[in-house]
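Note sheet for the following structure.
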Amino acid sequence: MDPVILFFLFGFVAGLLGSDLKLPSTLYDSLSIFLLLAIGLKGGQGLATQPLLPLLPQIVAVVVLGVLLTLLAYAGLRTLFHFDRPNAAAMASHYGSVSVATFAVAAAWLASRGLDVEPQLAVLLAVMEIPAILVGIVLARGISRDTDWRSLGHEAFLGKGVTLLLGGMAIGWAGGPQGLQPIRGLYFDLFKPVLGLFLMEMGLIVSRQVGELRRRGFTLVLFGLGMPLVSACLGIGTGLLLGLSPGGVTMLATLAASASYIAVPAAMRIAVPEANPAISLAGSLGVTFPFNILLGIPLYHWMASQWMKS
Amino acid sequence: MGMHTEKRTLLTVFTEASIEQVLIRDMDRLGIRGYTISDARGKGSRGVRDASWDESRNIRIEVICDRPQAEMLLGHLQTRYYSNYAMVAFFTDVEVLRPDKF
Amino acid sequence: MGMHTEKRTLLTVFTEASIEQVLIRDMDRLGIRGYTISDARGKGSRGVRDASWDESRNIRIEVICDRPQAEMLLGHLQTRYYSNYAMVAFFTDVEVLRPDKF
Amino acid sequence: MGMHTEKRTLLTVFTEASIEQVLIRDMDRLGIRGYTISDARGKGSRGVRDASWDESRNIRIEVICDRPQAEMLLGHLQTRYYSNYAMVAFFTDVEVLRPDKF
Amino acid sequence: MDPVILFFLFGFVAGLLGSDLKLPSTLYDSLSIFLLLAIGLKGGQGLATQPLLPLLPQIVAVVVLGVLLTLLAYAGLRTLFHFDRPNAAAMASHYGSVSVATFAVAAAWLASRGLDVEPQLAVLLAVMEIPAILVGIVLARGISRDTDWRSLGHEAFLGKGVTLLLGGMAIGWAGGPQGLQPIRGLYFDLFKPVLGLFLMEMGLIVSRQVGELRRRGFTLVLFGLGMPLVSACLGIGTGLLLGLSPGGVTMLATLAASASYIAVPAAMRIAVPEANPAISLAGSLGVTFPFNILLGIPLYHWMASQWMKS
Amino acid sequence: MDPVILFFLFGFVAGLLGSDLKLPSTLYDSLSIFLLLAIGLKGGQGLATQPLLPLLPQIVAVVVLGVLLTLLAYAGLRTLFHFDRPNAAAMASHYGSVSVATFAVAAAWLASRGLDVEPQLAVLLAVMEIPAILVGIVLARGISRDTDWRSLGHEAFLGKGVTLLLGGMAIGWAGGPQGLQPIRGLYFDLFKPVLGLFLMEMGLIVSRQVGELRRRGFTLVLFGLGMPLVSACLGIGTGLLLGLSPGGVTMLATLAASASYIAVPAAMRIAVPEANPAISLAGSLGVTFPFNILLGIPLYHWMASQWMKS
């Protein structure tokens, strides 16, 4: 098993056993800044060696995908799981968006199998963070007058995550593979061990979701496992439509299947206050995130390969 | 006889860190001239908030002003935030030296 | 006439960070329904505690409740911790809006 | 009847972190026996101080003592620092258990 | 002189001169998390290549050693130094336990001399943190009814240090030398420079003990130098009995001679409140730690070699 | 363009756009500790291979240079820009002192062009932090009785920056190139990527100066661009006088042209409370720092080459 997954499991078990282990919150913040920058840099340096124009249709495609996933999740939560409107909207928003940690694990998984991923997947990662937030808000409250669109737009486009991804990409693109040479030692070579440390803390955080899960268990587990499977299929479909490589299709499936646990919760807490944040987090962090990194990624890769063969 | 001081009201609010920016914007709009914010953790009717990660961080907001303004601000918080956010607020009587500032 | 508020007591405790978990367990056991904790440093009869490392970190604990409960909690702290730990505690009168919470 | 407590004054100061060491030295020199300091951010007449870097960090200083000493300390702060530093200070009445400490 | 020792001396001198230098406490925490994990990983990857059963008698042996050292220290402090019961118990507990920073310096010292250490020494490090705490508490208060054993057991077994050591070991063991390859760059290659930074802060902390030392000077210095020498001999004896390599014997002697300054103080502060923490820390940090890393380690190695020859 | 400059530009633009991006202040502190140590280590290891005596006249020369620059800046601000006495003194003190980040960027710039710099430039960097502070205080208040010289001396000589530079140098000198081998991986090889992260935060901080600049604009921009040009000439002159290499002359010119934004503001806030810190920071951070790292360094190098040819 990949050592970064072992770090996750270790954090999870330590959390369940009630260990005092705890990363300083500043360290966690710093690690996530590093990972976002590194992903951006890697994507950007790849983009530097190819024309940018073909990116446009891909961006449009994943925006549509993000909107679709959010609507689908909302419909499912309302009709099959009888969620009330605000909670369904908030939860749907999480599943329509993406998880950077899941992206990072998939990148490590694909790399260790020698599977290339198109550099623009990092762009698509950044793009896919956003539409679900806006759709989620509209679902929760309709298009009302007193929605503070300015601050929501700010939250969506200038949030820390998107800024760092895009900034890293800009630096990587401007520097190119040659220019980044002197900084590879940190941002590329140490990516995996840093990801391990980050996942250890993720394991601790996930372990804290178990209580909530026990309370609402069945519903959340069912949705948290079912939704990513549906999303992955749509992701694979989109990837094939865009003519991505096997690695690229797997990655897009993983992105579609992943659920946000940083940007979206922060935005929903402000925009849809009536939604209980504990529910969406228990789903996205407590079920979907571990499922994706432990079983989902290999599964999506297998599904992608099957489809590509046929 | 002692220093000349005047009475003001200190409004203290314990709430979720996630709405810090929103509350700052509200206070600016409501004409609050000064405030102090610090980080906290705690427990209340909405459970334990142990600051172990972003979602469970608390803040303490303190505003010194005259009583009517304090009530106005608390009234605003009550209508807008009390029902959906972890939030506790209270008044304390304090004495200040430069009353024109508050 | 203003807002309708009720009087409660705020108990503030400055003490060593090393006993945070112990004190939380005590408060839970004593039926304290809410508290807020933040980090601090300081000086007192037990010398300077400058938070430069774990052993010299302080915390501030704040509990809003009715007077009898505040006195009960302070009494407990006094018998259990006053003689062996850096600890200072005091009461402040405060006004709250939702008295049933405290 | 309740616990036996005595009244003291709590002096709270919000000011710039850059003068923490200077103020500590002042308090030591003025015979202040105890204080508590914590980190803060805020806004006042000298603008927003959001703790985003060293120059814009605030601190909160709290001193419990008798009224004359509190006034003496505040008087000192007023003459030495009020005009040139971001600084706000106020008194609160508090009740303490071990009056000899303060 | 090893550069990591130079970092320690620099921090110590800067502290004595009253410099403003101060590591952010979060950085200090982060560095110690890193070191504990790295030590665990290294030990675990070593264990992956050998059978685990022979470990059992070694674990039993060091538990006995830890109990013995604590009792010995207690007896010495009570009879020779006239400490009162709580302070003797608390102090004894520090000296019966171990110091991770000292272990790390010894590991660096041995590695730079090409001396191998059995991987299980990292296991023994984790194991030896615990018995002294429990013995110290019993010494202080007898086996009374109102001791909160649950929270003490928690403190002892699920404290941050032990969790990270054991977790790192589990990851290292599950991954094996091959699996850890992609994360070596951080946890192995950067161990020494990170240890340097950590020791710089240790130097600052040690310099703050000088005041306390001056107050109680003679007693603390005498005990702080004498006890590790006695302990090292017992450690060497145990090492020979267990048939360890020269590096392993030196390391076990160093462990025995080292005194805790993280896990034990935290546990004692809660379990033996009447003990003055300033005294034990001045001894373990102000005297024993610098003695061990500056002179003790080479000395114990020399002693071990002499004994092994004869 | 050097990637570290791209990081700076990214931070600056993100700040201007009002992004939520923000480095945890502890991370910023940690990065600056790392950079100061690394600069010191590098300088110290260089000094280990040469006699120390010739350093003395160089130290005296840069002290004189620092005093001169401060007086010159003060005279200019009083007569040409009509600053009041405290503000002129505080501002002059910033420009008479030096900026470590600018030094680091220049070091990276020169290294990537294969230009050697004498190791003692790190010593001169530490030395030049100090005289301007003392001169600034005397300019502001004359030599009065109630100046707290003790605490100012402390601030100047034992401040974090100077301590770390000198400490790093001592370690580097004692260890020598050979002894530092095992810690190169962090302090030397990762210097540049860490500098990038640091400059990203610098960009964010600089972007916050724009408001102040807009308010007092013209004056500050004029002085913030003019003063470094004058200083660089004096720096080049001094460098030639001391017989430095082309790299060394460029570096000394850069040091002279750079303005402090850490040590001096902290000292001035205490020693000259009447001065408005926003003004000096807007000048040194908002104008001079970006000018130096974007245009100044290449310009000073070109000027130095011209002069050395003639």
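The letters A, B, C, D, E and F name the chains in turn, as written, and every chain counts its residues from 1.
Keep this in mind: a contact is a pair of C-beta atoms (placed from the backbone, for glycine too) under 8 Å apart; a residue touches a chain by one contact, two chains touch by 3 or more.
Source: prediction; values computed, not measured.
Identification of common neighbours of subunit C and subunit F yields D, E.
When the interfaces D-F and A-E are ranked by how many C-beta pairs touch across them, A-E comes first.
Rounded to a whole number, the gap between the C-alpha centres of subunit A and subunit F is 41 angstrom.
Rounded to a whole number, the gap between the C-alpha centres of subunit A and subunit B is 35 angstrom. With touch defined as above, residues shared between interfaces to two or more other chains in subunit F number as follows: 22, 24, 26.
For subunit B, residues that reach two or more other chains under the stated contact definition are 38-39, 92-93. Chains that are in contact with each other form these pairs: A-B, A-E, A-F, B-C, B-D, C-D, C-E, D-F, E-F.
By the touch criterion stated above, subunit B contacts subunit D in their complex at residues 2-3, 5, 8, 10, 24, 33-39, 64, 92-98, 101. On the subunit C side of its complex with subunit E, the touching residues are 16, 18-19, 21-22, 25, 51-55, 57, 81, 84-85. The touching residues of subunit A, when paired with subunit E in their complex, are 1-4, 6-7, 10-11, 13-14, 17-24, 26-27, 108, 112, 189-190, 192-194, 196-197, 200.
The part of subunit E that touches subunit C in the complex is made up of residues 22, 25, 28, 151, 204-205, 208, 262, 265-266, 269-270, 273-274, 277, 281. Per the touch definition, subunit D reaches subunit B in the complex via residues 12, 14, 38-45, 58, 60, 67-68, 71, 74-75, 78, 82, 88-93.
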